[in-house]
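Each of the next two complexes has chain A plus one more chain, namely chain B in the first and chain C in the second.
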Partner chain A sequence: MGHPLSRAGMRRTLLSTATSIALISAGVMGISQAAHAEDTFKVGLVTFLSGGASGPFGVPAAQAAETVIKAINAGELPAPYDSAGVNGLQLESVVIDEAGGPTKQVEEYRNLVQRQNVNAVIGYISSGDCLAVGPVAEEMQTFTIAFDCGTPRLFEDVSNPTYLFRTGLDAVADNVGAAHYLNDAKSDISRLAGIQQNYAWGQDSWQDFTLSMEQLMPDVEIVDNQTPQIFQGNYGTEISALQTRRPDIIHSSMWGGDMEAFVAQANVRGLLEQATAILTTGESGLHRFENQAPNGTILGGRGPFGGFMPENDLSEWFSKAYEAEHGTPPSYPASKMAQALLGLKYAADNSGAEGVPSSEQLAAALKGATFESVSGTVKMALAGGHQAMQPMLYGEYHYSADTGPELRNVRAYKGECVSPPDGQNALEWIKAGFPGADCD
Partner chain B sequence: MALQKSEIMLVVAAAVITLLSFAVPDWLAFTTTLAIASAMVVLGVVMLMRAGLVSFGQGLYYCIGGYAVGMGGRFLGITDALVLIGMGVAVTVALAMLLGLLLTRYREIFFAMLTLAFSMILYGILVKSQNLGSTDGFGVGNWTLLWFDPEGGKGSKTVLWLATAVGLAVALFLNRYFGSAIGLACEAIRENEVRVEYMGMSRRQILYINYVIAAAIGSIGGSLTSLAAGHVDPTMAYWTISGEFVFIALLGGTGHVAASFIAAMIFIMVRTYAVELFPNSWQLILGTVLLLIILFLPKGIWSLFTRKRRVAS
Partner chain C sequence: MLTVWAILIDGLIYASWLFLVAAGLTVIYGVMRILNMAHGSLYALGAYAAASALGWYYNGVGDQLWIALAMIAACAVMIGALAGVIMERGVLRLMYGRDEVLMLIVTFAMLLILEDVMKLIWGTTPYFAYQPYAAMGRFNIGVLTVSGYQLMVVGVSVVVGLALWFWLERTKIGKILRSIIHDREVSEAMGVNVRRMFTITFMIGAALGAIAGGVTAPIISVVPGVGVEVIVVAFAVVVTGGLGSITGAAIGALIVGLARAVSIHTMPELELFIVYAVMASVLIFRPHGLFGQAVARKI
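== the complex of A and B ==
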């Protein structure tokens, strides 16, 4: 009888020892992180490292951050960012996975600021995460850049921001731009259909797009909209349904693997011979569409990012450096992350601070600023100087063996054309016929 | 009515948490709040487990509690936290009384799948509701607590005190409940339903009452989570969240009400440190740690305490 008891006793000792060690080490880690180095600037990077959004968005963004931060610290960026570090401080990053939903992201955001003592946070691809974290950033008074999320509600919920910025466009611009592109480049279309993932992004995109089309091309008949589940993967039924409606144009806001799967399946089924697809986030598949998407498919990149980047010193450097390190040219999420980091460097360099700039100094420097980026000159002109206003670009995908994948017939629409004037509700602005838009 | 030993321990633990809240950093206070909130949902799962039922749909009530807080503030202009929590409980009890009629007929996998199905129906409805922000959800407005107006309400200390107080009340209630006739009858049902009927008790009635109480407690957990996080979204009703609650329940074991609170805290701490230290493989670390706990403590973390007592006696 003694044998099993003593074994149980040993196991108990082992377990309690292990538990104590785990607890102590957790405590020690917490304390060691509380010590704050004065010669580095610590930035928290939050992006998807697991789940469906990691492959197309999260990981390219994290890779871009790695490339750009290395170059910032070495002072290898082209002018005007050729000084080493941010405000002379070495940039140190903490990467956090965005997976797990808004409640968990609020928790992790608080941990970043209070446990890890980051000086600033850059991140958030999911709109839900942005909406949840935005108010917390204001509450915790920490300089925060939302680099990718597209919800137009961000600065409606945080109506008077101090610390929260977005260095990209919202999803309204994607869809207003898409309608303008069709109006200019495909004026002969008559039947329009759509396919969107069944969640907020897809619903909002389709609403913005159809309202814009009613304004710009009122004669076009909207014949169908399919709403498959997100990450469904197989679109056979939806493709059949679309085929029977004989559309000329298929609008889709699907992203990542879903978008690529739909394009590949629709192409094989002949749907894309019958109709041209306009993919608002299609740029992320630009370098993978060979033999999958037909030439002439219209792609967007959520602004002048990825394959739509204008030619300037920064974009050339970024494309080269990114491709050298990661093997493929940068897609739009990578460019957007680079832009957010350049925005941070601009804000830090111009904060006028001695040593580590405070969140207030960073916010004051970036508010309403105009800074150079991989996407050209960025004007923080919306949401009271807290959101970038940028042009929206669409172009046709073409592949040939000589040139590889390229974008042709690219059209750019000015920021003033695709975004509502500051403070105006996007839906009302579209419904009223884009008052104040400057599109020439 | 004299306090039992474990009740004194619970009161002491709550007092210690309240005192410590003045000393610990804000992030820890926030994490503790979330742990207490999810522990309450877990207690609901534990209640069902004691009756031999596994619910993969407790997220349904967690979500209703959360959305009651969000919608009460947004559409009805109610700001008092206790009223908001009460609203969630009222809606939850009404729904649970309806669903309970059907669910108490089922056992085992059928019960698990049906509960899962109902929570996924709510998820589907919320995803389709564009004026509630669809999958993005929406922000919870500022709230107050009785006469007390914490700045914006989301100040992590106030919500921690609220969660501790509510958590203590629920824990004390359940501690008595588990020892009551109906609580013990639940365990008897797990062992042998037919004998319970022969003893002159209605197993359906017992399971029904048990189910409704479990739902109400889950709703309180959801309300506290949304008061703390300041945002609600449909993932609260998604089945993976319900699965998480079942997991924490297994981790803690059904031995004692305190087990759920300890397990929730361990789960959330392991997760947050795994996310911080291994951003690319935190799920793997989390899974491994939890698997090891389950392997070595098949009856949950609480068996550490009971074993010691048994050895001592």
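== the complex of A and C ==
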């Protein structure tokens, strides 16, 4: 038996041992975290996981991110994205709910960058959130891709961006494209009406559309525009008002459940037999309408997304993988999220960085770039190389129990036809008669 | 002339729906003096229950319209009454006698809890159960068409209104409730089991909210947040008519419904403004609403 330790000595020994274990643990954890940080690229994903926009937009986008990130990390994407990870790093995501409004989203963005230490952020369906977060992305010098929001004001507010990108089109292209489609496919119309959600998106869409129609079809009379509240759900009175005006065409930028509820109610009331609806975001209902929308209803998908995706290796892979995992074909919000992630992978792979690329390296790689995507070739040709220029497509919805939903009489309009030349104000461009537009 | 007819028809249809939504709210306030913010959640619960039941029924089980309508009513009444009894016995009973403002905050907390409970149960994907709406067809009035389902909602609203009147005016329980409304303490002193009456009243009010949601489910896309959207306009109706008055709720719904229809047909951009302009105008001249009564404060 050895000499027994005194109580004070024992306490000192225990304290010393505990301190050593704590220090070693902290050191090991630090080394582990550093190694982990060097092996991974952390991206913040912001999309609606609750509220009215979650079902039709936010959740499909989150599901698409899950599918694409898994494939990126496994190196299972078709060429040119068949290398594993982004710049050889495993992609790790932090998913944030977009619900709560712009103020909350600015706070969430700061948390993502400062506390979660993300290397990049992809997100934002709501135009209000985009407008709030855009300047903060520049202030915090963090590579950020707005994957879906459509406000043309994004790059008017952030007029000289460095870190902020948008890999899709804005609402101007939706509505200029809609006017071109009517001019080409429905040249005999004489009366036009609209129904838009009563906030910036609906008001801006109606303004862009009616100004475009004044240029392309000046003889068409605008007989009404209804402005129900967002998420109102019941459009009985608005449908009556539209019926009494007897339009040939009803334009709507309503989205999600509101758009689908309006279509179902207007169809039962016979409004969509009297008039043809042109729905700028209608593609998100393509696989849900069935008999609720009459054949011939004109749908847009905010570009070559969802049912409008061209046939290429990436779109075929994405459609199959998404449907296999989530049980339904991808709608346009899902395709747009896939496109943003491919844009990120392109930027990281071409950043020239060793290890984790910086925001500056990512931004330099994506600025003005041309990359392949599920929607075809994407040219970052607008907003000084920070926004995509892509074609706008519209087509007619047709459904039968045998064939399922189909898009027929699809017409595509080049990006140079539906978007103003880089640096030009969209409203002035439309009012001036689309100078410089290439619609051949 | 067509526009005038359209305004009258649309105003009546919307007013009927508004009355259905507001009836439960005003019954609960009239008897219990609780401004139930969670009424919107009860509406949403009814809508989700009806949409789920209809989805199950039309997904290969059957396609009989009358069975579908019976399912809407049964599901809504059951889930509303069940949620009502849980809320009253589990939470509100512990708060009786407190200030009305505190009760308002408690019911607001229940609204937030129920919103998340519904997300846990039904998720965030929209539910469509349009089959009964489509199956009831439409009726032509000139170039205007009205759906059969919307006319049925008018009928349901009339039946609910008459049933509430009969219950309060012609039944023993109704007389007891009126005595509680008049003076709760004297009623208690006369041997009325006020707490039991409160439970019954809250269950009925909750079931009315759920019925409104169930009836609306085939018209709308049922998504998270539908209840929050309706509670604001329901408050506008009951405040215009006078808190706690069934007749006031009916007249308030009619005024708001017609004013909104006039706005949509003539100045659609003022739709939301007009509803609250009507409410504010009424309150300027009658601070307790059209049928509300000023009550002397007891010390």
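Worth pointing out:
Throughout what follows, the second predicted complex is superposed on the first by the 404 of 440 C-alpha atoms of A that agree within 3 Å, B and C clash if a C-alpha of one lies under 4 Å from a C-alpha of the other, contacts with A are read in each partner's own complex, and residues count from 1 in each chain.
One rule holds for everything that comes next: contacts are C-beta pairs under 8 Å (C-beta built on N, C-alpha and C of every residue); 3 or more make two chains touch, one makes a residue touch a chain.
All of these numbers come straight from a predicted model, not from anything done at the bench.
With both structures placed on the common chain, the touch criterion links A:Gln232 to chain C but leaves chain B unconnected.
When both complexes are overlaid on chain A, the residue A:Arg115 reaches chain B alone and has no touch with chain C. Once the two complexes are laid over each other on the shared chain, residue contacts for A:Gly257 go to chain C alone; chain B is not touched. In the overlay built on the shared chain, the residue A:Leu49 is in contact with chain B and with chain C.
Using the contact criterion defined above for the overlaid structures, shared-chain residue A:Asn198 touches chain B and also reaches chain C. Look at A:Gly270: by the touch rule set out above, it reaches chain C but stays clear of chain B.
Once chain A of one complex is fitted onto chain A of the other, the partner contacts of A:Pro135 are limited to chain B, with no touch recorded for chain C. Across the superposed pair, chain B and chain C both touch chain A at residues 49-50, 198. Listing the residues of chain A that touch chain C in their complex gives 49-52, 54-56, 58-59, 198, 224-229, 231-234, 236-238, 240-241, 243-244, 246, 256-258, 260-261, 264-265, 267-271, 274, 288, 291-292. Across the interface of their complex, chain B is touched by residues 5, 8-9, 11-12, 15-16, 26, 29, 49-50, 94-97, 101-103, 106-108, 110-111, 113-116, 127-128, 131-132, 135-136, 139, 151, 153, 157, 198-201, 203-204, 207 of chain A. Taken together, the chain B residues at the contact with chain A in this complex read 25-27, 30-31, 34, 127-128, 130, 133-139, 152, 154, 156, 225, 229-231, 233, 235-236, 241, 268-269, 272-273, 275-276, 279-280, 282-283, 296-297, 304, 307-308, 311. By the touch criterion given at the top, residues 2-3, 6, 9-11, 13-14, 17, 119, 123-126, 128, 130, 133-134, 137-138, 140, 143-147, 149-150, 216, 219-221, 223-226, 229, 260-261, 264-265, 268-269, 271-272 of chain C touch chain A in their complex.
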